[in-house]
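Next come two complexes built around chain A: one with chain B, the other with chain C.
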Partner chain A sequence: MTEPLTPPKRKNPLKKTRGPLNPQGARSRTAHGLTMAATEGRFALQRCSDCGIVVYPPRDACPTCLSPRLPYQEADARGVLVAETTVRVSTDPYFRERMPWRVGTVRLDIGPVLVAHLHGDLKEGEPARLELKLDKGGAPVVFALPDKDTPHMQDDPQLREMTCDPTFRRVLITDGCTPVGQAMARAFSAVGSSIVFVGVAQAWKPFQGMDALRAIERVEIVPFDITDTESVIEQAEQNGGRIDIIINTAEHIRAGGIIERRGIGVAREEMDVRYFGLMRLAQAFGPAMRFRGADGVNSATAIVNLLSVYALMNWPVYGAYSAAEAACLSATQSLRAELRPGGVRMVNVFFGPLETEWFQAVPPPKVVPSALARAVIDALKRGLEDVFVGDVAEDVRARLAVNPKALERELAG
Partner chain B sequence: MSGSTRMAYDGIVVCAPVTVPYRRYSANSAHWWIGRALQALTKQSGLQPSELDGLSISSFTVAPDTAIGLTQHFGLSPRWLDHVPFGGASGIVALRRAARAVQTGDAEFVACVAGDTNHVDSFRKTLSTFSRFAQDAVYPYGSGGANASFALIAKNYMNTYGVRREDFGKICVAQRDNAMAVPHALMKERLTLLDYMAARAIADPIHLYDCVMPCAGAEAFLVCGEAAARSLALKGVHLLSTIERHNAFPEDAIQVRGGWAVDVDELWSMAGVGPQDVDFVETYDDYPVIVMMQLEDLGFCRKGEAAEFVRAHTLTNDGTFPHNTCGGQLSVGQAGAAGGYLGLVEAIRQLTDAPLGTQVADARIGLVSGFGMINYDRGLASGAAILASAA
Partner chain C sequence: MSASTLFELARGVASGAIRVVDLTQTLAPEFPTIILPPEFGQCAPFRLEEISHYDERGPAWYWNNFTMGEHTGTHFDAPIHWMSGKDLADNAVDTIPVRNFIAPAAVIDCSKAAAGEPDFLMTVATVEAWEREHGRIERGSWLLLRTDWSKKPYADYAGLREDGAHTPGPSPDVVKWLVEERDVHGFGTETIGTDAGQAQHFNPPFPAHFYMHGRGRYGLQCLTNLDQLPPKGAVIIAAPLKIKHGSGSPLRVLALICEART
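== the complex of A and B ==
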């Protein structure tokens, strides 16, 4: 039985702050196939294209037929925990801080044997199901869970090291004036985040949904303008030391390509909100978050950036907007590398056209803000790094994997 | 698998057992330790360094060098050179190759040396970069090193064959008894079964006295022809048979046997003796569960019956079934790849009446076994040799 998490007590200032350390993150290039699957929450292993056997650990030749054709494919994750051990002595500083630590040998029904981190509710000899997770340092690992869900299983201490569960964590939503920001506030309150700071740029100016937002439990409206460096810094000074998760909902969505815009005023605003905005956010909040990446059950854990899926491939109908999103995406890749040593995850949530004011002319399917919020919560609970929300986002991602050039031409209309 | 077609090691002797006394930590390099062993080998054999025309090196910590770099480092000019980075199987593998080199005339005097240093923190670095599979699929899981990997193997072995910790403990306690007279053994306090059982857990079911202590040290021996040894007035031992096997039984979900089980019949038939003829046995003792597998797979008892076998013998030098007669790595320490030489060097000593500790009475035939390289979830390398005194 997993001990349910209780609201963390106020921290004793005399106690040490557990410094952010990560397990060894080095992996072979081939093993990064696991990274790709883990970032999206899929379970994939190498399967030989010639003889069909499933292979683990990652290899460059099939141990049955020596074929070099070993693509990663979705695999059946069921197996049995053959043997377990509780490691009590470790040479690694990360694990030394977290002793004892349970690992075990799982034999999958489809053949291979995997050494895995163990969930507390899984016992030797029992059926197990495996997931690929990103560990504290973002490296891919195999995690073995009981085959059926158990009460409070998400609160397992070893599992929680791999996830960014928002329960009892403190959240900042950067823009509460939009339907997306408000949906996020409702979702994080409902999932048990201990406080939900919601940024509003101009407090004197009423906005749609304002009263409903104020009525949400544990929501605290705070002054926050992502285009104003002073404002961002002020908020970081006020609450930065206790914010565990940031959801960047700041958006600037306008239709139009590059030539028809005539001038760069709007493009500059887009960049100011999205690219420079993310930069201000990261510079103001990043240092404290990185420092608090291992600080107890409510450690700093993630920055979530909402991104148009057209960051990955320009959609000329929203051409300038897509370009700003692409800049923002590139910045998140740098931020990932910068946040990783602190054990803080940069989560990119890619969405297709939203059911909001700025996509009125776009035909369905579209994503409603509440679905986007659900996807963000799910991503944090599972510890994902890349998420695609809605049919259009899934479609773009699938086509991009097959033929990026075809996607470019087809998006041109 | 009877009727071995392997060529006998006629006319080959193994001699000049060398041990450079171990130290828990050393500020010196692996090169220093290997150099000390080579120097001791030349002194003991009466050979000049320039007369060593064959060299075999085993080491984990000699990087960025390999055997070739060491020739220049030590001023040697061998016409036969080997690098055997196989951990606990290094001694057996080096011996087999050296014996054939001498037999075919490719070399006359092969110095086989294993040595490693142990700097503060070099053990952690060795573990984290031990192999690609370890890096990708083992070390990030608690970083318990070999302790955790063998814990899983031991746990499964206990579950499968009904083995108790006490049975493992018997092996460790007996080895410590054997180590009491060995001057450089790092662990020389008498160990009782109570001490063993009460020791702290490291990675369940592995407890403190199941684990070897990493240290610095070196071991060496010389392989040459019988006539050459006689002319140097060196006491040598004969090589009756050897086997070697890697990555055996990949189909086993978890290791319950090693490569010895594939070739054991040839080991005995080539030697022309049986398990009952052996006066002592040196197994690779990192960890006791692997000792039990060796007793089974080398034919001393059937699979799953090693615990019973252990209960039926004293395993001490003065009792029945003398085993790991200098105390093994569990008592003297594990000097990296030299751990793979320890049993072999001790066997040469026992068979030439020159042990560091106590002598097994009337020791004429000894079996030495090696095991090493836990690349992912199991030890890959295994080997064994049967040696006989020249008398």
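== the complex of A and C ==
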């Protein structure tokens, strides 16, 4: 039985804040196949194209037939925990602070035996299901869970090292004026985040849903304008030391390509909100979050950036918008590297057209804001790094993996 | 007029016999700007980015870059701002004769009438009543409309509702009358624009812009401290930045008031 999480006690101000540490994180290029699957929450292993055996750990040649053709494929994650052990002493600085730590060997039904981190509710001899997780340092690891869900299983201490569960954490939603921002506020309140700070820019400007937003439990409206460096810094000075998760909902969506835009005024606004906005956010909040990456139950854990899937490949109908999203995506890759030493995850949530006014002329399927909010919560609970929400986003992602040039031509219409 | 008159002026300013009143709002990011429907181009709000602050970016000095629109904060409207003034001579901030940046002001206090009435309109009758008390407006004067709007919290100041902004301003008739019958220098307000919040529904729409700029007159908006000015006798110094082909410009607006007669 997992001990359910209780609201964390107030910190003793006389004690030093525990600094973040990461487990050893080096992986071979081939092993990054596991990284790719783990970031999206898939379970994939190498399967030999010639003799068909499933291979683990990752190799460059098949151990039975020596074939070099070992692509990663989705694999059945069921197996049995054949042996377990509890590590009580370690020389590794990260694990020393987290002893005792249970590990075990799981024999998969499809063949290979894997060493895995163990969930507290899984015992030797029991059926298990494996997941690929990202550890604190973002490296892929195998995690074994009981085959059926158990009560409060997400509260298991070893599992929580791999996830960014928003329960009892304090969240900042950067823009509460949009339907997406408001859906996020509702979702994080419902999931038990202890404070949901919601940013409102230009408070003198009324917006739709204002009263409903104020009425949400544990929502605290704060002045926050991502285009205004001073405003972002002020909010970081005010609350930056206790914000554990940031959801960047700031958006600037306008249709149109490059040539038909007259001048660069709107493009500047797009870049200001999306690219420079993320930069302001990271510079103001990043240092404190990185410092608080191991600060107990409500440690700083993630920055979630909502991104158009057209950041990955330009959709000329929204061409200038796609370009700004691409700049924002590139910045998140740098941020990921910069946040990693602090154990803070940079989560990108990609979506296609939304069911909002700025995609009015786009036919369905479209993503409703509440679905986007559900996907963000799910991503945090599972500890994902890249998430694709809705049919369009998944489709773009799949086509990009197969033939980027074909996708470029097809999006050009 | 002699050189000693000018020297007298400078001495009066230095001694305080001539009081200098700042009619300018501080340029700050949070100060409201005009809001157009989101599909239109927008006037950029004021933004400040540090270049250096005695740090590794510049060890011994502090300075900033700022960005904003021509119509952000307390600003000047040139005739070229409106299509009715687009073909006039010397209609942009860089070509307006510099002597036009100094002019006397008539200040009409409508603060009582506008209090609690965001849609208050100044009419010809309002100005005529003022003239009966203070005498005729001298030609070439700025007409400044005092409403005390500058003292309001930003939400009330911008006055945005479902059907647009609700802030006081002039009626179409009075603007035309001020230009044609009183030959004013320009029109100034405390609100975000020289026109009333609902002026897009007037005939013509935005009459203060249409008539003033159509006849080569100027606009000042987002003024403050109008309550410190006498009805007559203040001299306004309002010199916009010399922006090439500029339609307007943020600026420092000063009023000179004679405190003691010598």
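In the analysis below, the second predicted complex is superposed on the first by the 413 of 413 C-alpha atoms of A that agree within 3 Å, B and C clash if a C-alpha of one lies under 4 Å from a C-alpha of the other, contacts with A are read in each partner's own complex, and residues count from 1 in each chain.
The criterion applied here is as follows: a residue touches a chain if its C-beta (ideal position, glycine included) is under 8 Å from a C-beta of that chain, and two chains touch if they have at least 3 such contacts.
These numbers were taken from a predicted model, which means no experiment stands behind them.
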item: Combined model on chain A: chain C and chain B, fit or clash; value: fit
item: Which of chain B and chain C A:Thr6 touches, first, second, both or neither; value: neither
item: Per-residue contact with chain A, leading partner among chain C and chain B; value: B
item: Partner chain in contact with A:Thr227 - chain B first, chain C second, else both or neither; value: second
item: Chain B versus chain C as contact partner of A:Gln24, first or second or both or neither; value: first
item: Contacts of A:Asp135 with chain B and chain C, given as first, second, both or neither; value: first
item: Which of chain B and chain C A:Ser90 touches, first, second, both or neither; value: first
item: Superposed arrangement (fit on chain A Cα atoms) - minimum chain B/chain C Cα distance in Å; value: 37
item: Complex contacts: residues of chain A adjacent to chain B; value: 23-28, 31, 56-58, 63, 82-92, 94-95, 101-105, 107, 113-117, 124, 135, 139, 141-142
item: List of chain A residues in touch with chain C within their complex; value: 202-206, 223, 225, 227-231, 254, 265-266, 269
item: Interfacial residue positions of chain C with respect to chain A in the complex; value: 29-30, 32, 35, 39, 41-42, 45, 47-50, 153-155, 157-158, 160-161
item: Touching residues (chain side chain B, partner chain A) in the complex; value: 123-124, 127-128, 132-133, 135-145, 147-149, 151-153, 155-156, 159, 200-206, 250, 253-254, 376-377
